[in-house]
Structures are given as C-alpha cells and as structure tokens.
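Multiple structures follow.
There are two complexes below, and they share chain A, which is joined by chain B in the first and by chain C in the second.
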Partner chain A sequence: MAHDTTIRTGAAATVPVRAGTAPARRARRTRQVAAWAFLAPVVAYLLAFYAYPLYRNLDLSLRHYTVRSFVQGDAPFSGADNYRTVFGDPSFGPALLHTVVFTGVSLVFQFALGLALAVFFAQSFRLSATLRALFLVPWLLPLIVSASTWSWMLNSDSGIVNAALGVVGVDPVNWLTSPQWSLVSVIIANIWIGVPFNLVVLYSGLQAIPGEIYEAAALDGSTGWSTFWRVTFPLLRPVSAITLLLGLVYTLKVFDIIWIMTRGGPTDSSTTLATWSYRLSFGSLLPEFGPGAAVGNLLIVMALVCGLVYIRIQHRQAT
Partner chain B sequence: MSRRLKTAAGLGLTAIMLFPVYWMINVSFTRDTDMRASPPHVFPFDPTLEGYRAVLDQQLPYLGTSLLVGLGTVLLTVVLSAPAGYSLAKLRPRGGGALSFVLLIAQMIPGIIMAMGFYAIYLKAGVLNSTAGLILADSTIAVPFGVLIFTAFMSGIPDELTAAATVDGAGPLRTFWSVVLPVSRNAVVTVSLFAFLWAWSDFVFATTLDGGGDHQPITLGIYRYIGNNNQQWNAIMATAVIASIPATLLLILAQRYVAAGVTAGAVKD
Partner chain C sequence: MRLSRSARRRLGAAAALTLTACLTVACSSSDPGSGSADAASGPYTIWDPYPQFDDGSAWVKLLNTCGAEAGVTVKRTGYDTTDLTNKALLAAQQDNSPDVLIVDNPVVSTLAEAGALTTTEETKLDTAGIEPNLLAAGQLGGKTYGVPIGANTLALYYNKAVLTKAGVDPAGLKDWAALTAALAKVKQSGGKGITFSAIGTEEGSFQFLPWFWGSGAQLTRLDSPEAVSALTLWTDWLKQGYAPNSVLNNTQTTSWQEFATGDYAFGENGTWQLANAKKTGFDYGIIAIPSRAGGTAPAPTGGEFVTAPVRSDKARYAVSQRLITCLTSADNALTTDTTLSYVAATAAVQRKQVAATPELAVWVEAVKAAKGRTSDDLGTRYPKISQPLWTAFQAALSGSQSPPDALKAAQTTAAAATR
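Our next item is the complex of A and B:
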C-alpha cells in the first residue's frame, strides 16, 4: 500500500498538474508526509538531545540546588537568584574581561596570520599544496594533545620556550604559574590552533577572486602591497566577515585548552566564562550547579548574538 | 621572489608551525633522566621507548574505548543526518528552512553547556559513565554539521537523476537508498571523518559524563597522566603521539575531504 502511494507521489511530482485539483493536493500532501518522515529521526533527536538538555540547564539556573536536591530533583524555585549571585560574584568581572581579551586577541592574530599565509600560499610554487595541507595538523589534533604539548613547552624550568629565550638573554618566564602570563600562554596556544582554520577558509576565498581582476590591476600599474590593499582585501571582505564571526562563536566557547593548561588559574587569572561555569558545576567537592548553569546560559546568549549576526550577514551575501 | 625561494620560505613557515608537533615526538623518545636537562635536548640522540612501553601497558583500554566511541558516533551521525539531508535537499518539506536555521544555531551552543544539561539528565536516568551515553553526547557535536553537509551535497545531485528513478517506479525510500546515497559517497566520507575525529578528540563530554566510568576514552587517559605523574612526560607525550594518529591518517588519506569539510562551515569545540 505504502509503495503504491509513493509511486503516485513521485509521478505527480514530475508531471506538471494544475494546482488545486484533488489528486494534486493529495499528491502534494503525501510528498510532504514522506519529506517529514525522513526528517523525523533528526527532529526527535534535536528535541531529546538538544532542546531537553538546554531546558534542563535553564531549569538548573532557576532553582536553588544542593548536591542532595540535585539527585532527588526537588530543588526550590529561586527565580533569578542564581543570576544575581553570579553578577555579584567577584569572579564575574575578571571572567568576563578574560573572555573578551582571550577572544579578541586570539581572533586578531589568527586572522592576520591566516590571511598572510593564505596570500603567501595562493602564489604558485612547488610543494604549495602539500605544505598547506600540513598546516592543518594543529587544527586536527585533539585539543588535549595540543594543550599538554604546549604545557610542557611552556614549563618554567624545563620548557623549550624558556630555554630559547635564555639563548637571546631573556630571563625565564613563569608562563603557566604566574598570574601575569597565564592568560597570554593560553592565548598563544589558542592562536596556534586557530590559524589553520583561517588559512583554509581565506585561501578558498582568495581562489574565488577572478584572475582578470589582478591582471587589470597590474595593467594599471598596481603592484604588491597596493594590489593587496586596494584589490584583494576589499574583495575578500565578505569571506573575512564570515571567518571572523565563525571564529568569534567558536572562540567564545573554548574550554579544553584553558582548563588543561591552567585550570583557569593561578587565582582566576586565566578564568573565562566557560571555565568558570565548569568550575562552579564540576570543579570542586561542593558543586554549585545553579550558578554554574547561569554562567553557561550567559555564554549561550553571547554566542547566539554573534551567531545571529553571522547568519544575517551570510544571508545578505547569498541574496 | 623566485619560485625556489618561495618554496624555501614555505618550508620554513611550515617548520615553525609544526614545531610543537615535532617537540611532542621528540619528548616522547626522551629518557626520564634527560627530561629536565638544561638546555633541553632538541633531538633524542639517546632515544628510549619507555614512554611507548608505558602506553602499551596502561593506555590500551582507553584507546579501545575511544575507537568504539568514535565508530559509534560515526554510525549514529550518518544514520540520522543522511536521510534528513536528502529530505531538505530534494523533498522540499514545508518548514525545512526553519529546521536548517535551528541546525545552524545548534552548532553554536558551547559544548560545556550541553555537557551540564546532559549531566543532569544522565544522573537522574542512571546512565552516567556509560559508553552509550558518551556516544550519544558526542554525536551532538556532529549531527547538525552532518545534516548541513548532506543537504549541501545532495542539492547538487541533478533532479533528472531522482526523477528518472521516480519514473522507474521508485518511491522516496528506494530513491534515497539506491540512487541518492550511492552518489553521495563523498559526503558520507566527509561527515564520517569529522564525526570520528570530534568524538575521538572530545574532552568536555568525557570529563563530565564519563569521569568515573570503567571505560574511559584516551583524552581522559592523557588527562589523568598529566594529573598523576608530572614527571613522566615521555609517557604523556607518547600517548599524545598515539592519540594523534587518527588525525594524521585522515590528513594523509583524505586530504581533499578535510579541506572540503573545513570550508563547508567548519565547527570545532
């Protein structure tokens, strides 16, 4: 039976029928049913494993939880109390500032280095494609691998970075264990991880610029730098906007690198909203699930605002 | 700049970029006694395999769990996202645009927040520290990406092909299974590769949802190493080298798919 109707659906779809007749309407309806039947698993999945955890998280942030009530699930409703606690916490200001600095500085360097490398690799030379592929390695490695490697490289006593600095006469720096440097250290590691993504996306953007434009610019006597600033950079603006906004969304939520390298310390000096949220909920023997979830929800709001800007720009470019 | 000079510059830049990877390999072969040498040995002239022996002794179960979790995530992701991609690309469901929008948004939600929600749910359901639970959670990283990739790819399949199948009497299910899916091999490969890599690399879900489990993935294996013995860095780095093998294989065997996946709206936690 089912097979019968699908045949008719298909036939109706290929033969132009006047809209409004009963068979056409029925055909369109069966077609919709088939379309949603294929979507049903993903819709159910999204509801169960995206919407529900997010709802639980929202619920956590609006109740007063203790370890006991977390297990039993009878925590009293406390409205915006957790949010007030979070905003009033002395850790809030620094965590927000670190998040902004971490994200901003990472983005600027990742983008600048990625763009420079993309322009470099866009020239044709031997091994160009192979080397460009090798540049992807940092981006593909598990974050725990990158983070632990950087931890050891930045080790105060036995790290290669301090040894190299010693050669040029710079005193050893306590990269991970001093409050002045811990944020810098995790930013360096994060830039290293993010450059490949910027390189690949910007490179594909460069490839999309037609060669004739460069030829025309060359005929007008434009060379090197001025071609880059007057031709390449403006034409690359749409791709740049997308790259930066995607980078923004993904850098806001960086957690692994910071947690593995410094655990947000020492004394909160590299704590961002993401690591703070984790520390509140899981970092100690007395978990504060409510405030932890509240911080998490603030982070979601920030990510979504950036995300919506991204989607808007992408949509405008597509049309 | 001449072309030869550019190649030399390219090699130099790549060497700088990959130095941390070299350092990881170097340290994995360094003897415990040389580990704190000053200055550090830039090449393991007197190499040792004690680090790798420690991996074989202690980390094999973790690697096995990661492999299982990775494959499970791939399976779940492809099974869920391929039909959805087909529907969005070819069957034009009403409300399909809204669903694509939701998927885009879903990719932007920080994993750490998903992990908290999952923790609350898993605790109550009693499925904390289970491999299946970890597979489910890991798949949330890959499913939205999978649907978007499949949709983009299947939109490129000519309508004539599916129409021909319909004329031959195939329903949507047949068309999907015997026509669309076989020509979508590249999309299946891309989605599978990334799903595997993300599940293999996942640390956030592992540490929140499987922190006390009997079967823990390799990311937790490394994390415990760092926490427990700060001295045995050759063992830590040897584990890191082994944990990097999937990424390396992927780059060697499937380079073009990787680049395609990155540019198609790359996501990474």
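Our next item is the complex of A and C:
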C-alpha cells in the first residue's frame, strides 16, 4: 500500500542521522526548523480562528460587561457571576429542557427516517437515483428559505397545513403561536431538514458493506427483517455513531430555524440554549454579552461531553 | 536548476512562514486613507442603516454633495439596522468609529451610555428648530447626542370597502369602545377585523406602545390598572376573533401582507408603508390610533438620529458638524424625508411636506403626539422594560397567563432589571 511506503521511507531517512557530528546536527536543526515552518500555517490558523475566539468567549463570560465597559475595555472580572445569573434565570430550566427535547427527538426521527430511506434506496430501482437526489433538496436550500416556508405553511390563519386539516374536518391548530405546539413545530421542521444528511451518510455506509455478506446471510436462510437487524444494522454501527455525533453537535446549536419560525416564543415555549444565547447578546437594544457568552459556553461543554462519550465508545469497540 | 536538499528545505520553510504571516496579518496592502489620516485630508466616513440605497440614489448623492460643500470626500457604508448597533459598538471599542453615524433613535441612548457619542454641545450642532418630543429620544441626563433626520410612527390603515360593507364611519373612531364596536360590526358583515404585530421582539413592543400609552399607563409601572386595560383590549380582540391568532408571530411586514390581502378592515402600521399602500389596489384611509378615553394616543417614534461618534482626533469634529448640519438642513431634510417616507423633525419642514402631500397631515398629527421609547430619561432602562413587556403580551395573547398576571410578572422582572 502507498501509505506503508511513505512511512517506511520516512523511517529510513531518520536512521543515518546521528547526534554528535557537527554537519549532522546542523542538518537536524534545519529539518526541525522546516518541520515547524510547515506546521506554522495550521497552528496559526487554529490559534487565530479557534483558540482566540474560544478564549474571548470565555473571557466575555467571566467579566461584568455593560455597553460602557465593552467600549472602554475595562470590564471588571466577575468570576462565575454570569453563570450564576444564567442558572438562576427563570428561562434556564425551560431552555435546557427544550434543548434536550429538541435535540433528542430530532436525532431519533432524523436517524430512523434517514436509515429507512437509505435502506430503501440501497436496492436500485428505476428512478432511484433521481428520487434520492430530490430527497437532498431540504439540505441544499438555504435555511432562511426553508424556515420561512415552514413558517408560512404553519401559519394559524392562512397556512396550508391548517387549510388541509380543515378539509378533513380538524380544527385549526396554532402551530407557531400556542405554547403547546411551538416546540413541536420547530422540531418537525428540523427533522425535515436533517433527514437528507442522515440519508447520504448512511447510504454511503450501506455501499461499503460487501455483497458477499448478504449472500452468505441469504444462504443461511436469513430474510428481510432479520438480515437488517443481524447484518445491516451491526455493520453500520461505526457509520451510525459518527452520523449521530455530527447530528447532535449540529442540532444542539440550531438557531436559525427556531429564530425565524417562532423567535423562541411565545414566552420561551420554544427557546433553546442557542436562541437564548442569541437573544441575550443581540436580541434586544441593550446587549448582555456576559450572560450570552456564558450560555454559549454551556453549549460548547455539552457538545464536548458528547464528543468524549463518542471517543470512549469508539475506543471500547476497537479494543 | 538543481537545489541542494537543505536549500530546498529552507525555501519551503520560507514559503510556509510567508503563508503564516499572510494568514495572521491580512495579505494585502492596507488602506492608506483609514485610521490616522489628518483632519484636512482623508475621506470622512458615514455609516447609515439604509442599505436599500445604492450609489445612484438621491440619498448617496446628497451625502456626496454635503461632502463637497464641506470640502472633503465622504466614504459611505450602508448597514442593516439591527447589524449597525453591534458594528458601532465594536468600532467604538477599537477606536475606529465613523465620523458621522446615522442610527435608529432608541439606540442613541445605548451608544451614549457607552460613551461612544459626542454631545451636540461639544460638536456645536444647532437643535433649536427640532420638535422637543422627537429630540427627547436622543437626550440623556440633560445632554443631547444627535439630531433627528426625520421621524415615523404608527397609525391605523383602513380598507374603505370593508368598512363601508360593515356600515362603519372611520371618522367616528375616536376611542377604544368605538373601535371595538366597529370591529364587531366588521366581523358580523363577514370581514376580518384588525391585524398588528405582537411578535416577541422590540418590534412587538413598538406596536403595543400606542395602546399601552393610550391607556394612560407608564413604562415605569407595567402592572398598573391602565396597563392591564390595554393588554385586555388586545387579548379580547383575539378571543372574539377580531384579530387573527397569527399576530403573535407577525412582524410589521407580515402584518402588512395580511392587511394587503384586502380582507382586513384595519392594519396597525407605519409611515414607511405609504408607498406600498398605493400598490394594494384597494381604497385605503389612515386614522390616528385612538386612546382609551378618546383622542390621539401617543405612538412611539421611529426614525434615525444623525450623530457624531467620539474620535481620538478631535480636529475632525468641525467638518463632521458641517456634514451633519448640511444633512439636516431644511431643504435637504425635505428631500431625505420624502425619499425615506418620513415626517420631518421641524415644524417648518412638516408644513412644506403637508402642502406638497396633503395625505401626510394625519401622520404629522401622529408624530406631534408621538413619544420616544427612551424618552422621560428612561435611556438604557427602556430595553430592560421592553423585554418583560413583550414577554407579557405574548403570554397573555397565547393564553398561558391572564393579562393582570402576565403584567405583574413583567413588572417584577423589569423592576429587578432596572434597579
């Protein structure tokens, strides 16, 4: 394999260099400088675009910012005050609960529907490629377009969904404007947007399962459901795990769909940590950067914990 | 050419380092005009919230003319309104504010509180001719931080055909009781009542304030009996079916779209919809929003202030002052306010506007009765009151709390936040 050769040449090149002789030392130093120089772009990139913003966000969340101190740059260090404010806020409990429900329900349905469609499309039939391509549309549309469209469809008075319900004799539902339904509505829209991603990744995972295994299973008398549960599903596990992790990280921070459809309302009934963080920092005339950053950091920690759980599971599977 | 191995490596290292440098410091020559240009030369920067106007528009031409009169070149950037507040705060933090900043009136007190704006005293701007109720939105602690370029406010658009069918005379709608009775008649005649925006943002508070103030309530006491009566008015309209449930999610634009369908008798909307009103294809009229006891309710003022942000180079203020005076001078204000569909900030220009367009008379009346949201020296306490207020009307309209309970909760939150 090509991969192996590069490693071997790399190892071979290091052997002749031995510490002690002056030219060898110089050669080694040049190589080290070169190595660092090649490393420098990516390190600089990571520092400038990842480490520094993270540091700034942490710094924002640990200081007491007012508009005045934001401009003057002399905000006093306030320790965990912003976090205490956030935890003590009556919006915190509902926002956390909505985040968990929104993420959990979205993931379950996105994954189940995505997997069902992937298995369906795995058997090639006429127009299957076209149909599969059509399923990608929600993913390709800009979020502002899809969220606005959902918002129109679910409008209480002039929406097509209530019109359709009216035809079959069901009373209109205030999808976006009643506290009972607003979270359900944004979850439905989010599932619709997330299915294509699951479909694509799981479909490519299915392609990677060798046909011989299915043949062997068929010879052993396995059919339909049992093939799916005993062959397809276990073999898809690594792909499923990464799909779910990516979906989770993505869903935790979903903001645009909710903001466009309900603004997190009515009265916090569809507020998640992401929309709350935005509302604190940018949603009113007087920005509250400190608590806003604190909520943002909580989201990062949640995503990080899930990532660590994933790595641990993967590690256990490997050993 | 054959390079030795180490030479090649060194070259590679140099290339990689250059790339790094380019990543951290932008890899282009920096703009010579920005930053430390001296007072006489260098373009003067102007930021405004009118991205809809391009370089060929009357507005940008006016900016260039004013620049030419002051003997400088101007560099103008148009931002989205909501974006501009954060941009202005960041610019103030990094000490590269524009010379002239045109900003939405409730933001003036926020920026002034941040120490980002100069006072009119410091820049020697004349505000004598400005209507006091409009200027108040830019005043904090006895100091004025800008000059209003014009104002807009809210009134009720009505659909003549729908009212005629219901047998309602719009001229008689002077108080809440008459308006509610009219809505009942409209509903009986098969029409739809009224649409407005009660969304859970500042836009919703803006639309609720005419009713809130029109009841006699004060922003310093959200749970007063007057305030409860205003919220009960809205809630009852929803319960009776006089207003659609979609108001909870309506922005002023979607509320306008509902009115533009031609089914609704009334739509609460602003001066800026006048141009669109002509395109609806039905006969419309405009009345001032009535107060509870009768007469015109004070509506909140919209519209921007022209301000001069704090700069480290104080020598630039003299030119900024000339630019602002030019932009807000009577003739130019007339052009600008006509372009923006605003009502002028001085009585003299208002009279000219009404002479040219008689239908503006009702708007001029509404602006005269209007009140800045940050007025009464509320300043930056206003946003902390507005948010509990919109939470309260969302709770009451969606039925999760009764109007008195919702407003009581709002008052508790607002009192804690503004203490």
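Rule of thumb we're sticking to: the second predicted complex is superposed on the first by the 266 of 319 C-alpha atoms of A that agree within 3 Å, B and C clash if a C-alpha of one lies under 4 Å from a C-alpha of the other, contacts with A are read in each partner's own complex, and residues count from 1 in each chain.
In this text, a contact is a pair of C-beta atoms (placed from the backbone, for glycine too) under 8 Å apart; a residue touches a chain by one contact, two chains touch by 3 or more.
This one's a predicted model, so the numbers in the text were calculated from it and none came from an experiment.
Trainee: Kindly say whether there is room for both chain B and chain C on chain A in the superposition, answering fit or clash.
Mentor: Aligned on chain A, chain C clashes with chain B.
Trainee: First (chain B), second (chain C), both or neither: which does A:45 touch?
Mentor: both
Trainee: When both complexes are superposed, which of chain B and chain C contacts more residues belonging to chain A?
Mentor: B
Trainee: Once the shared chain is lined up, is A:282 touching chain B (first), chain C (second), both, or neither of them?
Mentor: A:282 sits against chain B and chain C alike.
Trainee: Is A:218 touching anything from chain B or chain C once the two structures are fitted on A? First, second, both or neither.
Mentor: neither
Trainee: Who does A:34 touch here: chain B (first), chain C (second), both, or neither?
Mentor: Both partners, chain B and chain C.
Trainee: On the A-aligned overlay, A:68 touches which partner chain: chain B = first, chain C = second, or both, or neither?
Mentor: second
Trainee: First (chain B), second (chain C), both or neither: which does A:176 touch?
Mentor: second
Trainee: Pick one for A:125: touches chain B only (first), chain C only (second), both, or neither.
Mentor: A:125 contacts chain B only, not chain C.
Trainee: By the touch definition at the top of the document, which applies to A:166: first (chain B), second (chain C), both, or neither?
Mentor: first
Trainee: Figure out whether A:263 sits in contact with chain B (first) or chain C (second), or with both, or with neither.
Mentor: second
Trainee: After superposing on chain A, which stretch of chain B overlaps chain C: 97-105, 187-195 or 205-213?
Mentor: It is 205-213.
Trainee: Where on chain A do the contacts from chain B and from chain C line up?
Mentor: Common interface on chain A, chain B vs chain C: 31, 34, 38, 41, 45, 70-71, 73, 151, 157-158, 282.
Trainee: So in the complex, the part of chain B that touches chain A is made up of which residues?
Mentor: Touching chain A: residues 3-4, 6-7, 9-11, 13-14, 17-18, 20-21, 23-24, 27, 35-40, 42, 79-81, 83-84, 86-88, 91-94, 96, 99, 101-106, 108-114, 116-121, 123-124, 136-137, 139-140, 143, 147, 163, 165-167, 169-173, 175-176, 197, 200-201, 203-204, 207-208, 218-219, 222-223, 226, 233, 236-237, 240, 243-244, 247-248, 250-251, 255, 258-259, 262-263, 265-269 of chain B.
Trainee: Please name which positions on chain A make contact with chain C in the complex.
Mentor: 27, 30-31, 33-34, 37-38, 40-41, 44-45, 48, 66-68, 70-73, 151, 155-158, 174, 176-179, 262-269, 282-287
Trainee: Contact residues on chain C for chain A in the complex?
Mentor: These residues of chain C touch chain A: 6, 9-10, 12-14, 16-17, 19-20, 23-24, 82, 85-86, 89, 92-93, 106-107, 110-111, 113-116, 199-202, 244-246, 248-249, 258, 380, 382-384, 386-387, 391, 394-395, 397-401.
Trainee: Can you list the residues on chain A that touch chain B in the complex?
Mentor: 2-3, 6-7, 9-11, 13-14, 31-32, 34-36, 38-39, 41-43, 45-46, 49-50, 52-57, 60, 70-71, 73, 117, 120-121, 123-128, 131, 133-146, 148-153, 157-160, 163, 166-167, 192, 195-197, 200-201, 204, 246, 249-250, 252-253, 255-256, 260, 274, 277-278, 281-282, 289, 292-293, 296-297, 299-300, 303-304, 306-307, 311
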